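Take a look at the structures listed below.
After this come two complexes, each holding chain A, first together with chain B and then together with chain C.
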Partner chain A sequence: MGCSQMMNRELTAKIMNTLRARAVARRLWQTAIVGCALIVSLAAHEAFAASSKIYDQQERRWIEFTPERAKAFYKRHNQTPASFSRQVVPFRTAEKPGTIIIDGVRHFLYLVLPDKKAIRYGIGVGREGFGWTGIVQVGRKQEWPRWTPPKEMIERDPKLEKYANGMPGGPENPLGARAIYLFEGSRDTLYRIHGTTEPWSIGLNISSGCIRMNNDDVVDLYQRVQIGAKVIVLFQGASLLKGV
Partner chain B sequence: MLKQICRVIVLACGVVLASGIARAADVVIGIPSWSSADATAHVVKEILSSRLGLDVAVKTGTNEEIFAGIDQGTMHVHPEVWLPNHKALHDKYVLGRKTAILSEKGVPAEQGICVTRRTAERFGIRKIEDLSDPEKAKTFDTNQDGLGEMWIGDSDWSSTRIEKIRAKSYGHAKTMQLLEAQETVAMAAIDAAVAVDRPLAFYCYAPHHLFSLHEVVFLQEPPYSPLSWRVVDPADDPQWLDHSQAAVAWPTSFLHIVYSAKLADTHPKAAKLLSAIRLDVDTVSEMTYAIVVDGIPAADFARQWVKDNAERIDAWAAAK
Partner chain C sequence: MRKFLVEPSMRLAAVVVLGVSLAGCASSQPDTVSYTQPGEIRNTTETAPADLQLSCASAAASQFGLTPDKVLPTASSKLADGTYNIQLMADGRNYLCKIDENASILAMSPA
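Let's turn to the complex of A and B:
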């Protein structure tokens, strides 16, 4: 193991502990339209509800999963509902191991494993879902990515002006611990899979069109996924019609 | 001066190289965007190269591009032409311009709208008219707009246009949003739906590896009747959708190899062999599953398949 890798791990552990101990970047996250608002239509698709549904094992029924419920659940349990926890699940597919399949409807990201299995992660997506459907590739990966708020966002919230040239990576950065950049051929689509400073939001359609994961999960995915891996974004409603 | 000489040399090398590449392929097989065609293309390639010693290349393209390529002499084989889906192209190039030849015997195929077996069992959605029922259609609503969503094929497939006609004719064009996308996306959507037991309806066709991977069933439909099947081609009528009507099942379809009429002169043995190839549903399904699901490289699978089916291919080669 190289020195820089060890340092990275130490840094990661340190920052992750900090993350768990502190409630960070609340206001910033709420005003930020996590990272990629510039390229996602700012006209929110009102028809696409901010809530999703989760299965209540005790009540044996589907319940609305709203931001309020999500916050309350997270406060009570210090974690998202079990269905959004990282887990290995049976997954029959013709896709090769290493492929990522993103189901924005159910808020799951699958990393295909051998033997008809996959690792399933909980995700959060934008108000209008992911906004598009198609096949892209992992073009780049970044630890503790820098975040630059789009110009429109700064116009709405001048306090973000100080980040006009970018906010360094770290526990307060809304992109979280890792970012996986999605490319179409050699072109950056400007969509990312990234971490979050608001882990309670996993399972919800809020903010903008990127894919959010809690930091532990995005670190896990980051370690497993290869540059060039196929990423299939499934359709949600009519998002398909927009294309990449 | 020296630079100019160098340029001339480089240009000349390029021309020689390009003509060498062009000459290298005796036969070019077009590959449209679905999995069984890909499998068949590689098997045909292996047969022609191993049995006849031909240099065979494969090249992806839409159905229109492949037929046009056959017409112009830049391509020579379409591995899987669906009839009636590609009837317009067939009529233009096989019957009209006579630059393409349809192999005699086709593989019977089936197509329509499928649901996962669990969708049929849990929600009682078994007939295609269930999709026209607004309440049942909501079963497939993923964005809470009151309409269900269903994939009807890739945007450049002929069947996608016909599914639009059928959706209009049956009435589910008003209750379901018809989505077009690459087949890979649709197949992954089925994988994900099955994984969480989410209801899903979608265009489907057999032979296809999907039926070995997941439990899916065709929705029941009124049987095909030529009197009820009026499918207008957009090339003939811009109002094709309004003027078409097809509220019945697809007719039994057939998959055929189509090849260039010029092959009879340039490579007569290839033309004879292509006309004699007899595939069947099980073979196409087996080939597709091996390549797509088991992940065996198409060329490797084709090589092995040709070895394992030597007698069968001998019979095709000996056919008169």
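Let's turn to the complex of A and C:
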């Protein structure tokens, strides 16, 4: 093989390597751009899909509070995170004592007390697409309520068909120990504040629009709240309005 | 072993883009603090506290002669100076309210 042929081969190989390297760099560039676009779109999505984060002591960072993590936390501590424990907090409002205020984004329910105070309870609220906002009233209260899944819920989950005529109240009933029925004027909104068989789910966007509390808390609220009490539901991003 | 030859300018561009991309990832993460308590919860969206939202609703009802039971806070956000912007809805109209941490109304106007 002549020297000029070897030089040609080396030159050709060099050119090919340069072209391949450019292709690799181009792919890196494209991947980075797609990555940035994804980060921006996730950040935009996060602004609308409000959820909670919990601080992980082992990993030393804030992580999404998912149903799996909520179950694990409850199993480990036998309670929900401390933020969701029932407590009296300062609350500056012109609303009358006895009014219920629900903050769907922060997962708190407030019962207004005299002297600019309120009892704050942790709650679970509607998952994405099931949140709602509005001003309604307590229309009815029930101990150990019977649960009848709405037709739309049965359509979404055919396993519920067996309860089409209602499930009697009791420890297995998903409405838990008490239900407070929310009305718009004289009309039942079909939304309730109720107990739960899944106490770990407090702090999550998980329900079909009902407000769920742990059973101890809903029993406490039930005995304090009066029929006709005003209920203000604040839920940023919810498209469904009630009573306004 | 074959090595790819990468032009310095392309290498620099790739490093810069990856760096910016990673910085974007890092800045989108919340700050971690060593004194955070186990089980502490916070929200991905910082809305105004419920009592401040209702203070704005009440002030709007007084200022614009609205039925108090029909004024609903629909959105809120925290501003850099620690105050909050709150959007209200009443009778199909929107109103904007600005309030501080002490529940003092700083501004109110139809949107």
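Here, the second predicted complex is superposed on the first by the 161 of 244 C-alpha atoms of A that agree within 3 Å, B and C clash if a C-alpha of one lies under 4 Å from a C-alpha of the other, contacts with A are read in each partner's own complex, and residues count from 1 in each chain.
One rule holds in what follows: a residue touches a chain if its C-beta (ideal position, glycine included) is under 8 Å from a C-beta of that chain, and two chains touch if they have at least 3 such contacts.
This one's a predicted model, so the numbers in the text were calculated from it and none came from an experiment.
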Checklist entry - In the superposed arrangement, which partner chain does A:Pro81 touch: chain B (first), chain C (second), both, or neither? => result second
Checklist entry - First (chain B), second (chain C), both or neither: which does A:Gly203 touch? => result second
Checklist entry - Which partner does A:Lys162 reach: the first (chain B), the second (chain C), both, or neither? => result neither
Checklist outcome for this item: Of the two partners chain B and chain C, more of chain A gets touched by chain C
Checklist entry - If you stack the two complexes on chain A, which partner ends up touching A:Phe73: first (chain B), second (chain C), both, or neither? => result second
Checklist entry - After superposition on the shared chain, which partner residues are touched by A:Lys151: those of chain B (first), chain C (second), both, or neither? => result neither
Checklist entry - Taking the superposition as given, does A:Arg187 touch the first partner, chain B, the second, chain C, both, or neither? => result neither
Checklist entry - Where does A:Gly134 make contact in the superposed view: on chain B (first), on chain C (second), on both, or on neither? => result both
Checklist outcome for this item: Going through chain A, the residues touched by chain B and also by chain C turn out to be 47, 49, 91-95, 101, 103, 105-106, 108, 110, 118, 133-135, 232, 234, 236-237, 241
Checklist entry - Where on chain C is chain A touching in the complex? => result 2-7, 10-11, 13-14, 17-18, 20-21, 24-25, 28-30, 32, 36-45, 47, 49-55, 58, 69-70, 72-76, 89-90, 103
Next on the checklist: Which stretch or stretches of chain A touch chain B in the complex?
Outcome noted: 47-49, 89-96, 101, 103, 105-106, 108, 110, 118, 120, 129, 133-135, 232-241
Item to check | Of all residues in chain A, those that touch chain C in their complex | outcome: 14, 17-18, 20-22, 24-25, 28-29, 32-33, 35-36, 39-40, 42-43, 46-47, 49-55, 57, 60-62, 65, 73, 77, 81-84, 91-95, 101, 103, 105-108, 110, 118, 133-135, 203, 230, 232, 234, 236-237, 241, 244
Checklist entry - What does chain B use to touch chain A in their complex? => result 142-145, 149, 151, 177, 179-182, 184-185, 187-189, 191-192, 194-196, 198, 209, 213-214, 292-293, 295
